[in-house]
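Provided herewith is a single structure, encoded as structure tokens, for subsequent inquiry.
We just call them A, B, C, D and E in the order they show up, numbering each chain from 1.
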Amino acid sequence: MLSTPALVLAIILFGLGLIGLLSRRNILYMLLSLEIMLNAAALAFIAGGARWGQVDGEIMFLFILTLAAAEVSVALGIVLQLSHRFRTLDADAFCEMRG
Amino acid sequence: MILQDFIALSPILDLGAFCLVTMLAIAFRRNHARIAVCAFLSCLFTLATLPWAATVAPRAVTTLLVVDGHALLYMGLILSATMVIVALSYRYLNSQFHEQDGVEEYYLLLLLATFGGLVLTTAAHFVSFFLGFELLGLSLCSLIGYLRTRRNPLEAAVKYLLLSITASAFLLFGLALLYFESGAMTFHEVGVSVKQWQTVPALWLGGLILVLVGIALKLGLAPFHMWIPDVYQGAPTPITTYIATVSKAAVMALLLRLATEVGILELPPVVHLFSLLAVVSMVTGNVLALLQENVKRLLAYSSIAHFGYVLVALLAGGPPAAEAVTFYVIVYCAMSLGAFGVVTVYSSEGGDKDRVEDYQGLFWTRPWLAGMLALSLLSLAGIPVTAGFIGKFYAITAGVDAGLWWLVLALIGNSVVSLYYYLRLFVTLFGEVAVQEALPQQGTVQRSEFVSWTAVCSLGFVASIILVLGIYPEPLIQLIRESVSNLLMVVAQRP
Amino acid sequence: MLSLLWLIPVLPLAGFLLLALCGGRLSRQHIAWVGCGSVGAAAVTTALVAIDFFSLFPAREFYQQTSWNWIDTSGMTVGISWYLDALSLLMVAVITGIGFLIHLYSAEYMAHDDGYARFFAYMNLFVAAMLTLVLADNLLLLYLGWEGVGLCSYLLIGFWYREPEYGTAAQKAFIVTRIGDTALAIGLFILFTQFKTLSIQQVQSLATGAWPVGSNLAMIVAVLFLIGAVGKSAQLPLQVWLPDAMAGPTPVSALIHAATMVTAGVYLIARMHHLFELAPMVQEGIAVLGLVTLLLAATSALVQQDIKRVLAYSTMSQIGYMFLALGVGAWPAALFHFLTHSCFKALLFLAAGSVIHSLHHEQNIFKMGGLRRHLPWTFWTFLIGAAAMSGVPLITSGFYSKDWILWSVWSSPLSHRWIWFGALLGAMLTGLYSFRLIFRVFFGEVRTQPTGESGLAMRLPLVVLAFLALTVGFLEMPHTLGNVTLFSHYLSHALPTTALLPGMDESSEAREQLAVTVAALLGIGLAALLFLPGSLFGARGTDQSTTHPSMTLLQGGWGFDRLYDRLFVQPWFAITRNSSDMVDRGYEWLAVCAESCHGWLSHTQTGQVRWYAASIAVGTLMLLGLFAM
Amino acid sequence: MAMALWLLILIPILAAPIAWMGQQWSRHAPRWIVLGALAIDFILALWLGGQHSAGQASGHGAWLAESHTSWIPRWGISLHLGLDGLSVVLILLTAFVGIVATIASWTEIQSRVGLFHCQVLLALGGVIGVFLAIDLFLFFFFWELMLIPMYLLIVIWGHAQRRHASFKFFLFTQAGSLVLLVAIVALALLHQQATGRPSFDYADLMGLTLTSEMARWLMLAFLIGFLVKLPAPPFHTWLPDTYAEAPTGATIILAGILAKTGAYGLLRFTLPLFPEALNEVAPIAMGLGVVGILYAAVLACAQTDIKRLVAYSSISHMGFILLGAFAGTELALQGVMMQMVAHGLSTAGLFLLAGALEERYQTRNMGQMGGLWSVTPRLATMTLFFACASLGLPGLANFIGEFLVLFGSYATQPVMIILASLGMVMAAIYSLGMMQRTFFGRQQDTRTASDLSNVAFGTLLFIAGLQIWLGLYPKAVLTTTKPVMEQLIQHALVSANTIHVPSESLLSSHIVTSQGSTP
Amino acid sequence: MEMLFYIAAAVTVLATLRVITHVHAVHALLYLVVTLIALSLIFYLLGAQFAAALEIIIYGGAIMVLFIFVVMLLGPLAVEQERTWFSLSAWVGPSILALVLLGEVGYLIASGDHPTMAVAEPRQKAISIALYGPYIIGVELASMLLLPGLIGAYHLGRRLSSEARSC
């Protein structure tokens, strides 16, 4: 069965996404990295579904897809406003509140 | 889906329908007051369906949702809190959101978030869990950045967004791992599979930890607490209130159900993890709040600590723990509503009043408002006559009952530390009014003495809750006991 | 009439309350009336009680009266109860009698002072407390009086409160005596723990029954009581407060620091004689202590410049004699010396007061002189007093009492010969310093012009006391001279009689008396040689700038003050001045820690979302690492 | 009768808002309302106490008056009040000291008069509740209830450093309380383990028998809770700051009454609930008492601030209470009782005087005073009197308290008692030092100041009269409390003789047997 | 079969690495598209054909387009990168990876007799039944989830009318 290698791949992808999230300052990249992480989770679900021969994994993928869509729209809306207000997409620049 | 399922689901269906109604109302005609009333009534009607739903509870509706006493109780809490927040929001938005375009969606988003909260309370399946989680988080994200012309809300929104998606990713991946190992998606089946294992697979445990990290992020438990102060500070104050109350209560309801049904508290690693989170949260929250000069941040740090206390209660395990947690969460919601409510009302009079010095001598100029804040602070500090004391008492009782001596000691030690910053704010209320400011303000004070009746009613409601629970908590305790037994009964009923 | 006993202490107390509460509104005359009257009434009551007492005496040796139950709970029963026997009657008589005379004297002496009412209030309170002390049936009530007199002594020494040194002196007096009092209190605790009672008579009878002679507990308790007595009576090593106590008005010195309070120690030891008899080593210690004190005080008295300090040291020295007598078991002798000493010492102080009064409060004897003519009354009475103190043979009371003591020392089985020699030396020194005073003050040229003799109210007590100083001695005369035993007979109902060594007969007594006589006269003669102006060395004495180290040592009372200063006072001040609450520092440190923790942690709140995400990742990895592995 | 108990608590609490509103009617209306309410309370308590002496014979375990209503059945919590000799005496003291505090603040408090007196009444209501509650939860409820008004009194009307002081006060007392709360909860749960139902009721918990290990820990927790309030080292450091910075009225309440709640807790709860651990804990507690006496006395000598001096002396005196409470003899306990009353009276007087001085010279620094006797003779005389009371002059009430404690404890701990006696010498040093520096010597501050007002002087005279009365006739207090103390000692003796088997696990096995009322 | 999986996995990982390391947003997006395509192949290999299709249609199509859209909208912030976006090298990496994937898909089509094809039909059926059976509430909730996305994007994304005028 391919489910275990797929899970390993999912874990790798998740890790890569996390690395991207942490290492990129541009907020767009961070969003991309998050997409990768979500994808990794989706892959893991599908691997699980494959392992147990169930359709639930695939259905979960469907919902994750919905989430990604909804979320990206909101995120991009915020990104637009941010770029407008702060004139930058540098995530580290948004640190007026601290302490 | 038979009729009884619909009855059981009536709160969720009701609110869902009202979301759509509200959306249509907005599309039809924009009117701030009308939409606010509409939102308020939506919650009220939904609240009214709870007793109806209770007649068929406990009942599992498909595999996704379980409507039982526990869920209904939390729904009641969430809806009441939302109502108070709606009532507080109206004037706040009127004063803070000057642009006339698009203030109404606020209420729609609020209702959607609450809808997500309701789903979370009933969730018994990974799908409903995660969808409720996201509904709540996504709506909140927009709400936090709702004052989109200002820098702080936007900054808060982007922080919340990124971290909440991170939380979702962790959560989802964790759920996926759980699914991968156990092949089941309902909490109950997962719990069953756990019981069958001789040793819990590492991957499963890793998944569980990831799930718990996701939850901890939403609850703001240290070391996953970092977003809390920034978001609390940046978000519009009613939304801050919302995050502090509804969002956390809903997640806590879910955690409780997860803990009960999966039986994770019987796994030593999870107990250790929670203990660690509890202690770190208490210490971090309290230490960070010590010298904080921003009221909203201060309350944010205090909320971190409070959920540390809740974890202590949770760790006790068994019915007393569930009781204590629920009681504490209800109490915490009441006092947060009180504290943030005052900040909201005070900020509704021009400019955010979130510096500690803004509150200097408030008692002499605005005794009722200051009194309300004082009451909430005392409650947060756990002084008798207020609900906070009973809550803390409950938590300590649960902890002692389970023999968690070190955690209980940490709890009381931290309570003492926390007194310092509550008192700092408390004292400020009774400080001397600065002379230069006092004189020109005479006129404005007269004018702003008028607090909208909505604020009076909502704060009065919260105050009475705090006091009644502080003096005669027995009815609520009985209610919670029933709901807890309900929660446990569902577990017992399942094959 | 005996039932009026309670009235004796209550009358002065009433006087005190009256003066304290409405002293400000009374005229000076009324104040004097109340002040003297209350003590006078007490004296009259004493007389009435005494008549009644003697009418049944010796068939009935004591009279007990309980006013009310003071403490009556949980196994402790202590009453406000009075006990009258020969010993206490003697004390009461002296206190009220001499007290009245001194009050009378003060009425004039203090006439121009601001705190007239205050003064009499304190004095009345003192008399009340002192009477309570001597009349107490139990140790707790005795302790009440004991502390009460200490308080009054404090108040009266610091009477002129504007002078900071006076206040210090008062404080010193109280604190030093309090050390003794505390020891006494501990003694009380032990006794109560052992016998469950504090009644003086019961305690002693129980102690005699329960403790063998020389037992540890008896020794400890005796020592504790001794420390108490030593503190009150200004004996070594707690004697340092007395010279400074002369800061108070002279009548105070006469009443408290000469006639009555300082002898409370003697009374206590006499009262508890059963207890001390159980501890012979302690008793021996008393004798040695008395001897050392008397010599030390006598030598110090020799070189003092202040007239009152001379008298203060002399008081110390005379009480040393009393202790000596107590120590060798000559209980009646000690009391007899107490009686005579009260008379002549009160007389001396009052006369000195008269001198000071007429010299505008000049107390330095080197600035006095030639007052013989100007103050004849004073001179003669002072002379009588000094003679009595020096023990001029046959005609003065001091001779009889001192002689009795020395004879007891000589003849007692508890004594040693060297003690006797020491005491004899002391007798000689007494004559020397007493007459040094006479010659300095009343002879020679006038250095400060006096205002003249004082009024009747001051002269009358002087005369009466002078009369007593001469005649009291005839109450008890040795075998060799008249053999009057009125006093010892009377006291034998309260105190054991003196034991004699075998082989002590009248001839040895006579020889001993001769020695005493010679010593006293030698002292006086030496004084005349050294200090009488116009005599052999008289001129040298006028030099007051004596800076010889030995002189300064003596003037400072053998340097005890300086020693204690180094040993206790300075370290104490060092401790208190530099001590802040250490525990509080600890808590402050905690607070600082919390604050720095806050500072450190709030640096983690950078506001940068990537850092937050990193913290999540690291936190998750740590949790995974901790638990999933 | 049961209603009367509630009235005792409710009269001050209900009068509090009236006092606040009273401000509108007249400047002095709040003061009169406080005086009235406290006077009624006093008389009521006196009446209840009178009932007591009439029907005295009841003896063991009986309350004079009792009121019992269910409150939170979930945890076996009930509104259970009970009155016995101990509470009567302390309630009388509370009402009296409250009246003194009101009089003391008559001239000092000029702003927000209504609120001030409202807080005073609330605090006193809480204190009376503490003295009446015999359900441990209710007790704790009142125990905390009195804090907030006290805190406000300090923080609103206090002196320059009030913020710091009030924080310290609150943090310390609250820390102690929380430890106490944990112990109370543990006890209630132990009862649950034993009988199947939790109970916070005094009578139920008294019947609980614990293993010695558990008893030791719980007793320690109780001890900490009460020692903070008492206070005893090392928990005392809040006290000097607080006493010095609080307004005079509040200081009088703090020193006169609040400290007594700690002592009350020791007597009412710590001793009878854990007789098993008494033998182990007693030497520690007594040692702390002695340390407190000496340490505080040394520090009192070091003070230049008159209020701090009195504050440290107060700590020193409280050491005697700790000493006596654990001596294990009835006599010592009676002494503790007496000391509580006496100290309440004497510190009330001293702080009234210190406050009066501060009001007149705007300083508490004794270095800037001196020679004030001639300016303010009444003040000086009364200070002298109370200094004497404080140094334990026989014939005054403090003496009876201290000496009964010492007499009662000597048999148990002779060495400690001897050390404690040294405190008497130090008491003389600081008390007289205070007199010396303020009233004796040359006048430093030549400003003229008015002497004590007639009212204040009259009050002080009255307290002085009480001091003398109790000093010469302590039976008034001792007879009332005797049955309570007898019972205490008997209980301790009976229970201490039971032998227990130690066990290993945490909570469940810490019960050996229970004499709880229902199975 | 397995070979295909591993190749696709390698492509996924490589492309992802490029996504997170690339300096240009558009390049990164292109690599992400490749990742998604590779993932969809893996889904297919795991037997989830429906998911594979959706991955390409919705993820690769809709969501990525959204991103591109935003990148374009953020014109001023990205203007200096304008020139580099159209360099050849940008296309090389994705193209190669895409070609690899294309080859794999071709192989799959060519080797037509794969078991996953056989189970495909009943599996889709099962999904449909599940979606409209036990998961019906989930579907409804997912639809509700899109609502905040919609409203949020609407509210946050648009500029203020006043500002629009001033800009």
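Quick notes
Note that in this section contacts are C-beta pairs under 8 Å (C-beta built on N, C-alpha and C of every residue); 3 or more make two chains touch, one makes a residue touch a chain.
This one's a predicted model, so the numbers in the text were calculated from it and none came from an experiment.
Chains touching both chain C and chain D: B. The chain occupying the central position, as judged from C-alpha centroids, is D. Farthest chain from chain D, judged by C-alpha centroids: E.
Of the two chain pairs shown, A-B and A-C, the one joined by more C-beta contacts is A-B.
Taking each chain's centre as the average of its CA atoms, chain D and chain E sit 74 Å apart. Annotation: 107 Å between the Cα-based centres of chain C and chain E.
Annotation: 42 Å between the Cα-based centres of chain B and chain D.
The residues of chain B that reach two or more other chains are 127, 131, 134, 138, 141-142, 145, 148-149, 157-159, 162, 166, 229-230, 292, 420, listed in rising order. Residues of chain D found to touch two or more other chains are absent.
Shared contact sites, meaning residues of chain C that touch two or more other chains, fall at 602, 605, 607, 609, 613.
Every pair of chains meeting the touch criterion is listed here: A-B, A-C, A-E, B-C, B-D, B-E, C-D.
Put simply, chain C touches chain A in their complex at residues 602, 605-610, 613-614, 617. Partner chain C is touched in their complex by these residues of chain B: 158-159, 162-163, 166-167, 170, 202, 205-206, 209-210, 213, 217, 223-224, 226-227, 229-230, 269-270, 272-273, 276, 284, 287-288, 290-292, 417, 420. Within the complex formed with chain B, the chain A residues making contact are 3, 7, 10, 14, 17, 21, 27, 30-31, 34, 37-38, 40-42, 44-45, 47-49, 51-52, 54, 56-57, 59-60, 63-64, 67, 70-71, 74-75, 77-79, 81-82, 85-86, 91, 94-99. The touching residues of chain C, counted against chain D in their complex, run 20, 24, 68-76, 80, 114, 140, 143-144, 146-148, 151, 154-155, 158, 161-164, 166-168, 170-171, 174-175, 178-179, 181-182, 185-186, 188-190, 192-193, 572, 575-577, 579-581, 583-584, 586-587.
Those residues of chain D lying in contact with chain B across their complex are 71-75, 137, 140-142, 144-145, 147-148, 151-152, 155-156, 163, 166-167, 170-171, 174-175, 178-179, 181-182, 185-186, 188-189, 506-507.
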